[in-house]
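Chain IDs A, B and C follow the sequence of writing; residue 1 opens each chain.
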Amino acid sequence: MSEGLREELELKPALEAVLMVVDEPATEEHLAKVLERPRRAVADALRELADEYTVQGRGFELRLVAGGWRFYSRAAYADAVEGFVLDGQHARLTQAALETLAVVAYRQPVSRSRVSAVRGVNCDGVMRTLLQRGLVDEAGTEPETGAILYRTTNYFLERMGLRGLDELPELAPFLPEADAIEAETLEGVPSFDPDAPDAPETHADDKTEM
Amino acid sequence: MSEGLREELELKPALEAVLMVVDEPATEEHLAKVLERPRRAVADALRELADEYTVQGRGFELRLVAGGWRFYSRAAYADAVEGFVLDGQHARLTQAALETLAVVAYRQPVSRSRVSAVRGVNCDGVMRTLLQRGLVDEAGTEPETGAILYRTTNYFLERMGLRGLDELPELAPFLPEADAIEAETLEGVPSFDPDAPDAPETHADDKTEM
Amino acid sequence: MLAEAEAEAQPDAEAEPDGSEAGTAPEPEAEPGDGRFTVRLANFEGPFDLLLQLISKHKMDVTEVALSKVTDEFMAHIRGMGPDWDLDQTTEFLVVAATLLDLKAARLLPVAEVEDEADLALLEARDLLFARLLQYRAYKRIADIFSERLDTEARRYPRTVGLEAHLAELLPDVVISIGAEGFAKLAVKAMQPRAKPQVYVDHIHAPLVSVREQAEIVVARLREAGETSFRVLAEDAPDTLTVVARFLALLELFREKAVVLDQDEALGELMVRWSGGEGDGVPTVTDEFDRVVTEEKA
């Protein structure tokens, strides 16, 4: 990271920015390294922030759990959070989650990067949701790349009302006719498009879905 | 939810606690329903919180984007965040894609051929890119011609940081002789909200004198 | 003149395509050229965009702009940029230059008083072209604003942290309401192969029409009919280009004194009479119009 970062940025808001969006708890070492500050300063700043939030009666808190720092909802407001999580709105999957689930179902076992390549968008966040909802789980790793593979679960079958994967409908009847594809393809891309993905792997990062 | 919740909890920290766990922008209606408070009170509290974070110079901000509220890291600390978050960086759009997106944004729902007519070149390939990136989607067909119509998505609003389409800048100032242009161009494009954090009028003015 | 004054106020006006031209060296503290195209004409010097603006504000007459010179300058500019040439800039130039050309053509056509509907239509067409140009420029500026906003927004990251395990357990059961068939359709849609990028050039190169070939058709018909109108001769032409080719063939035949042309009034019916005799030989129609247009010096 640039020399400028260390000079210009205040430590506390920089820590707040990072911790607000990182997925996994961050260790003091890692934070100190990326922000180029002494670990001691980082540790002090984190504790000061945590105290500020408590003093100000914020609904969130900054906690050190198992060696890493992370924002959590404050326990006093657990009822509100649970009410939100329990809300019926969470029974439904987003369109992105459904599509990703469909790709996993028909391509399993499959890695996240393969799914991203097929869908043309980064699917990391969505895959996390599907894991969390128990609809997919991990099924070993790809021998060549070491990438984690995913498959659908029994819970998925249950929610779909299927007895087994062999009851998933064949895709063939839903495929557009060959000539229809060709016509559509020709009509669809007459102009040069420097944006079009040449390497799906890289393109997949263009957009991250939640 | 229990009668107790409404009585005991302060609204602002309860909102903070809930917003810690939201995955996608949360609407004021949804938050009001879950917390059992009037929408007006929820809306006011959210705005007060957003102001507090700005006044206190926090590294995060609370924003209303695409109809919902959520926490973001503040732009000033992007370098620090990027030290941790590797994905989520967006590939830039080409000039052609940006222009097509601009026409769709103001003319939606609009067919490809109408967009091509404005830009003077075929836009099919570019439209496909925008579809793939989730910035536009299909919105039915034109009754007379059967041509597919396109509109911008919520994801477009999110990427642009807009609350809604009514925040798009006015087109009229960019047309030197507005009265010479078909009137429909000018309809339905109110100006950016002058209260918006980064008053886009200033961008607009920068661009007017070339 | 005004154009120069405005051009000077605009830093981009100093952009040097290749720095080879003497006498226009940028000022010492001026920023290095950003690769933007600059037009140099007898009556104008400055960025292309400024030229458009002046035309749009009626401060310059499009008929006084030497488009061929603008085109030559642009080609030089693109060459000067070498491998760094910009497809977007080139495309934009083509779009705008084509519109300017339309506009200029419309302005150059003779217009007397607005008497009949044809004249009105001509004026309307001209206004439409003009409107199209302005509209395109408006969207281009909006696109710049979009680009800025997208860049700014990309520096803000949303919180998308997963639920803690104890909360995730509370989540209600997932409801998948689209059914197995809907699910399969969704899979097909999601897995549909994306088209590979291709460069289609059909819209750039119209199919070639040979004036020589069209001349043979015209000669054959005239020999048979003796005299007919150009309208009849061009009646079955599949496209405008063929009509043009047949007209050019007529000009060539006229030059060879193989036809006699007669038109009573401007824009009236053009009558064509064969005067090339009975022999089998086809009068010489050169390939003048068929040759690939080579680059012309400005």
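Criterion: a contact is a pair of C-beta atoms (placed from the backbone, for glycine too) under 8 Å apart; a residue touches a chain by one contact, two chains touch by 3 or more.
Computed from a prediction, not measured in an experiment: that's the story for all the values here.
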Farthest-lying chain, centroid of Cα atoms versus that of chain C: A
By Cα-centroid distance to the whole-protein Cα centroid, the innermost chain is B
Chains linked by the largest number of contacting C-beta pairs: A-B
Any idea how many Å lie between the Cα centroids of chain A and chain B? 21
Between chain A and chain C, what distance separates the C-alpha centroids? Give it in angstrom. 45
List the centre-to-centre spacing of chain B and chain C in whole Å, with centres computed as mean CA coordinates. 34
Going by the contact rule already set, what residues in chain B reach two or more other chains? 19-24, 60, 71-74, 78, 81, 85, 88-90, 93-94, 96, 121-122, 125, 128, 132
Multi-chain contact sites of chain C, meaning residues that touch two or more partners: 157-164, 167, 194-195, 197, 203
Write out the stretch or stretches of chain A touching chain C in their complex. 20-23, 70-72, 81-82, 85-88, 90-93, 98-100, 102-103, 105-107, 118-120, 125, 128-129, 132-133, 135, 159-162, 167-171, 174-175, 185, 188-194, 196-198, 200, 210
In the complex, go through chain C and note every residue touching chain B. 10, 47, 49-50, 53, 56-57, 88, 91-92, 94-95, 98-99, 127, 130-132, 134-164, 167, 194-195, 197, 203
Looking at the complex, which residues from chain A come into contact with chain B? 1-2, 5, 9-10, 12-18, 20-22, 26, 30, 34-35, 57-60, 71-74, 76-81, 83-85, 87, 89, 94, 120-122, 124-125, 129, 187-197, 203, 205-210
Hey, which residues of chain C end up touching chain A in the complex? 87, 157-164, 167-168, 170-178, 180-181, 183-191, 194-200, 202-203
